[in-house]
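There are two complexes below, and they share chain A, which is joined by chain B in the first and by chain C in the second.
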Partner chain A sequence: MDQITIKSREERFLQPIHKQPKSESKLSPREVQFLRPILRTGKAFYVVIPALIVLVLWVLYAWYTQLTQGLSVTGLRTPVGAIWGLYITNFVFFVAISAAGIAIASGIRLFKLKDYIALARMAELATIFSLMMAGMSIVMSIGRPDRLFNLILNFPARLPSSPLIWDVMAVFVYLVFAITYLYIEMREDMARLVGKVKWGWLYKLLLPGYRIGERHRIEKIVFWASIFNFPIMFMMHTTVGWIFGLQVGRPGWYSTIFGPYFVLGAILTGMSVVVILAAIYRKAFQWEEFIRPVVFKGLSKFLMWMSILYLYFILSEFMTVTFAGPSGEQAVWESLTGGEFAPLFWLQNGALVIAFLLFFVNTVFKKAFRIGTTVIASCLVVFALWIVRFLIVVPSLLRPFLPFPTGSYNPSWVEWSLVGGVFAIEILLFMVFTKVFPIMPVTELMAEEEEGNHA
Partner chain B sequence: MKRREFIKYSAGSIALALLGKYVGGPVLGKIAVDETGKSPVKSKTKEKARAIDGLGTVADPSNRFGLAIDVGACIGCRRCQWACKESNNIPDTISPPWIEVFQLEVGQGVTGEPSLEDLRDGATTSYTKSPLAGKWYMPVACNHCDNPPCVKVCPTGATFKDKDGIVLIDYDKCIGCKFCVVSCPYTARRFNAFIPEIPPEKVNPMVPLRVEGVVEKCTFCVQRTRRGTLPMCVEACPVGARHFGNLNDPDSEISSLLNSNPYFQLLGELNTGPNMRYVTRGKKWIK
Partner chain C sequence: MHEAASPMWVGYIPFTILVGSLCLAILASILVKPFFARTTFVFVGTIFFLLSALIAGTWAGGMFFSLIIPG
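Coming up: the complex of A and B.
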């Protein structure tokens, strides 16, 4: 039975590339719906793209300033003040976003969560683009980007001891894995659209060695890749946590909780970003039919558990440090709870609590469920978790063990520009991809629909 | 089958490459032997040393350098700071010097303001401000730890612990990631955010010029100590509060000082094994 349906699907969609007719009218009405972003260009596109390009040019100027004048144009200082600041915060933040993408895509495919299939590709893109932006943040932060190759040259020698090298490795592995995963699962969609949309020529270039009936093998590959994704994801986020958790050099970092803490934070941030993405795409391209409220309900439930667990981790750390922490740790926590970072710290906790309550209401009271509240809560989570990363990196650096003056960290305009620019580039990449490639997994959605019709 | 072969061959070549890296044998190319006929692994140390002091001194493994500071004797004049800055080609525009001097109050621990502003005015100014009655002074710098956290975390191997116990940085290898800066509990490492500019007449030819965008710190004046002279901070100390020497040699001045007096180490509980010793025999012995 299964074999038959697959074969019939093949016959319908997987004709050899050169035999496919070259007119857009050959698209089925369903396909036209899925391909709205490629077929139509709204007014907003012409407003947002130039704005983003202007922003990116500004960033390039700021980066040029930093490259020519050194990191003296930033607020990063030794020995008094913070030497890691917004760039590293951004790095940790973007690495965290990358958690969700492939995790969601793999989860959807492993456990056959049919309702969520529409989210798979945007989630994968969130992973890929965020990892790129994370890498870019690191390049921005280092003093000698011209010597970046030294990282690779000395890779084998440093692998046994440097957490940063583990992290470089994890980011590379994850990025290559994510791009491969996306490419493999997208081949099918590109093949069926060759000759039907204006970007067909590009798809054709990207499909070397494509054969009809590839889909069975690809499904197998995707299945195994989905399984292997989870250990890679844990490795990735744990190593980021270990950059801080294995250091005795600054109070507030050395902690067993940092590995799991970062994994959880990454899942929380990433899932929230996917909720926001789904809501934006749903609204912009009228995809209410494909991204149904049940998706937001499910994610809301999941995020409720994750956010309360995260709050529990924060409480656990708070208790340990305030009850039994040595004086160095106490100094860092005092700066968080009552010192110069108190506004940020309580803002972060408040946002997380409110987000949890919104998720809770959404989940428990079925009538009160709104997609809007889910999205608002997700925005709160993303906002709060950026602050969390900032408060992990900076306060510890401003409370050294030896009695150096406390100092302060005032990010310069260059830093703010580059940090904002990283976000702008990510959005730009998303928009360009949406314009050129199908953001919806067309083949999988069509297959789903057919099965639904048969049942 | 083709795919399997591909995997087999690529795994094999990676293994060979790694083998070549560690064994140093002629796996992937010609045998690299230098003029003396020694294996290339050993000559690496030489290259590193050359990069550090520009003259090619090599660490003597029988030495283990350490620095003892007599806290009671120190008068907080910051001449060590100044001498260090002058002799190590640190310009005024660059990060603060490698030595920092804290002011302590009897019975209250550290209370003094740090001397960053003092340094900007020049060491002579801060000299007039100290010593103050009832104050103690404690200079700190790189501890050249036996178990250095900074060396562990370095992603490029630019910083390394040499055989005579000195922790050094290869300025040509450092990418400026600043991981070592945040991993050091002593805040001993400095990052060159500014482009170093130094007038040619002030350049010390024994020491390489400062490089922008990299991390640096106290080298125990490797260009001097490996030739048997004392570090500049020790030479500059007007009261003889600093004692430098070989901890392996039981007859050295530093060993006899440490054997006959109580001393402490900073943050030794972090398992870093610091090699700066603070001798605490009080102020009474100074007449």
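Coming up: the complex of A and C.
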């Protein structure tokens, strides 16, 4: 039964050119393979898209409830309780995902990592959509989002003293740069497909000033943009860390380690998400030929080092605080190691250790390598690092230095709806983009193949 | 002291129009023939277009939210 299903799917994707719709006959067989998501629509698409739209509508209802009734419908409280909760957890998490996307895309182009080219665009999208969701999480977290423009109005006055302003600036710059980077590197693909696919009219609209042969110039721009991507990435994740790390008034936050800790966490989360994305696209569109096992082997090795390094950071923080830390800091750590947050804390550490071991087995024992293992380990990392963000944000807020009683935090249905909804929106954006634009860098892949044939 | 007579969102309109116009002006300048190498111009123009669109969006968003939030 399974074989029949697989065969029919392959036939659907790989049918001869003469049997394909008229517009497809203008495409080469290779282009047809790269453009499968645009040319064919599976049943799953018609099931998942309406389901996601229903979820998004639910989110809008929950958000409307919060906007009209105020933040009292959430579990967020002040001064006793947590003023930041799931929304800020999601913000830090999505900012982290955005790290590796653009880093991978830039690394691939700078160091000419030919095996990884197929991942470049999906990695860039992970960056852009995650940054959008991070921004949305911030807007959701404030009671009066109609006053958000005050950040811009007061920008010059607050710039020297507010890490929040630095972070807004970093997110704005990173988002603008990431979209520009994607747009510029995608121009050649869009130009190639004008008149060949049904979305050609849209591509034409998005190609102002295009002229044949601009590829050489684009390659130069992309090269320099790739170099600039790295410092921008480090700047952004460090500033997110500084939102917490520069606050003296909260136990568990004031720390020199938070800048690099957040950068490392971002690389680990982002790379893991790219592994998961690559596996999903590979399976869904039978792209085994383009996203080969060597890609997962390489990422597995890299993630092995990153995950052990992250565990080392957690251990280092643990030792610093528990050995002779101030009493406030110790109270937070006690709540993590043996208090109300202990189940989450040990679940997070357990998931990270198992993920490291799976990456280790995949890397060291070459015969034991499985793509599935890499994907499972990556899922564990993503799960663990979402908990990490929650445990960075909430426990410190519940135990202030000032003589307030210890608070508690119970997220409401509104918060869970908005948090889940943000994930739904990100998946929806991915699916719509994949349906409308080439998710594979067609021109680059074709050029690589031609080079390979000539060599 | 009296509250402002007009609703709050009215105050957002001038900035939305101002920054939105800047955004559209940059878009228009990308679409018409630029003075120097087109691709580079499109690259730089896209950056400025997106920045101004984000800022204009902040005001437009403020106007939208102030319509929903009571008071």
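Couple of notes before you dig in:
Convention: the second predicted complex is superposed on the first by the 431 of 455 C-alpha atoms of A that agree within 3 Å, B and C clash if a C-alpha of one lies under 4 Å from a C-alpha of the other, contacts with A are read in each partner's own complex, and residues count from 1 in each chain.
The criterion applied here is as follows: contacts are C-beta pairs under 8 Å (C-beta built on N, C-alpha and C of every residue); 3 or more make two chains touch, one makes a residue touch a chain.
Predicted model, so just to flag it, every value in this text is computed and none were measured.
By the document's definition of touching, neither partner reaches A:Arg370: not chain B, not chain C.
In the superposed model, A:Thr74 makes contact with chain B only, not with chain C.
In the superposition on chain A, contact is made by A:Ser161 with chain B only, not with chain C.
In the superposition on chain A, A:Val176 makes contact with chain C only, while chain B stays out of contact range. Counting residues of chain A touched by each partner, chain B versus chain C, the larger count belongs to B. In the superposition on chain A, A:Arg147 makes contact with both chain B and chain C.
In the superposition on chain A, no contact is made by A:Lys204 with either chain B or chain C.
Applying the stated contact rule after C-alpha superposition, one finds that A:Ile218 touches chain C and leaves chain B untouched.
Contacts of A:Trp84 after superposition on the shared chain: chain B is touched, whereas chain C is not.
By the touch criterion defined above, A:Phe401 lies against chain B but remains apart from chain C after alignment on the C-alpha atoms of chain A.
Common to the chain B and chain C contact sets on chain A are residues 144-145, 147-148, 151.
Note for the complex: chain B touches chain A at residues 18, 21-22, 95-96, 100, 102, 109-110, 112-114, 116, 140, 149-150, 152-158, 173-179, 181-195, 212-215, 266-267, 270-272. By the touch criterion stated above, chain C contacts chain A in their complex at residues 8-9, 12, 15, 30-31, 33-34, 37-43, 46-47, 50-51, 54-55, 58-59, 61-66, 68-70.
Taken together, the chain A residues at the contact with chain C in this complex read 64, 67-68, 139, 144-149, 151-152, 172, 175-177, 179-180, 183-184, 187, 208-211, 214, 217-218, 221. Residues of chain A touching chain B in their complex: 69-72, 74, 76-80, 83-84, 138, 141-145, 147-148, 150-151, 153-154, 156-158, 161-165, 168, 243, 247-250, 397, 400-405.
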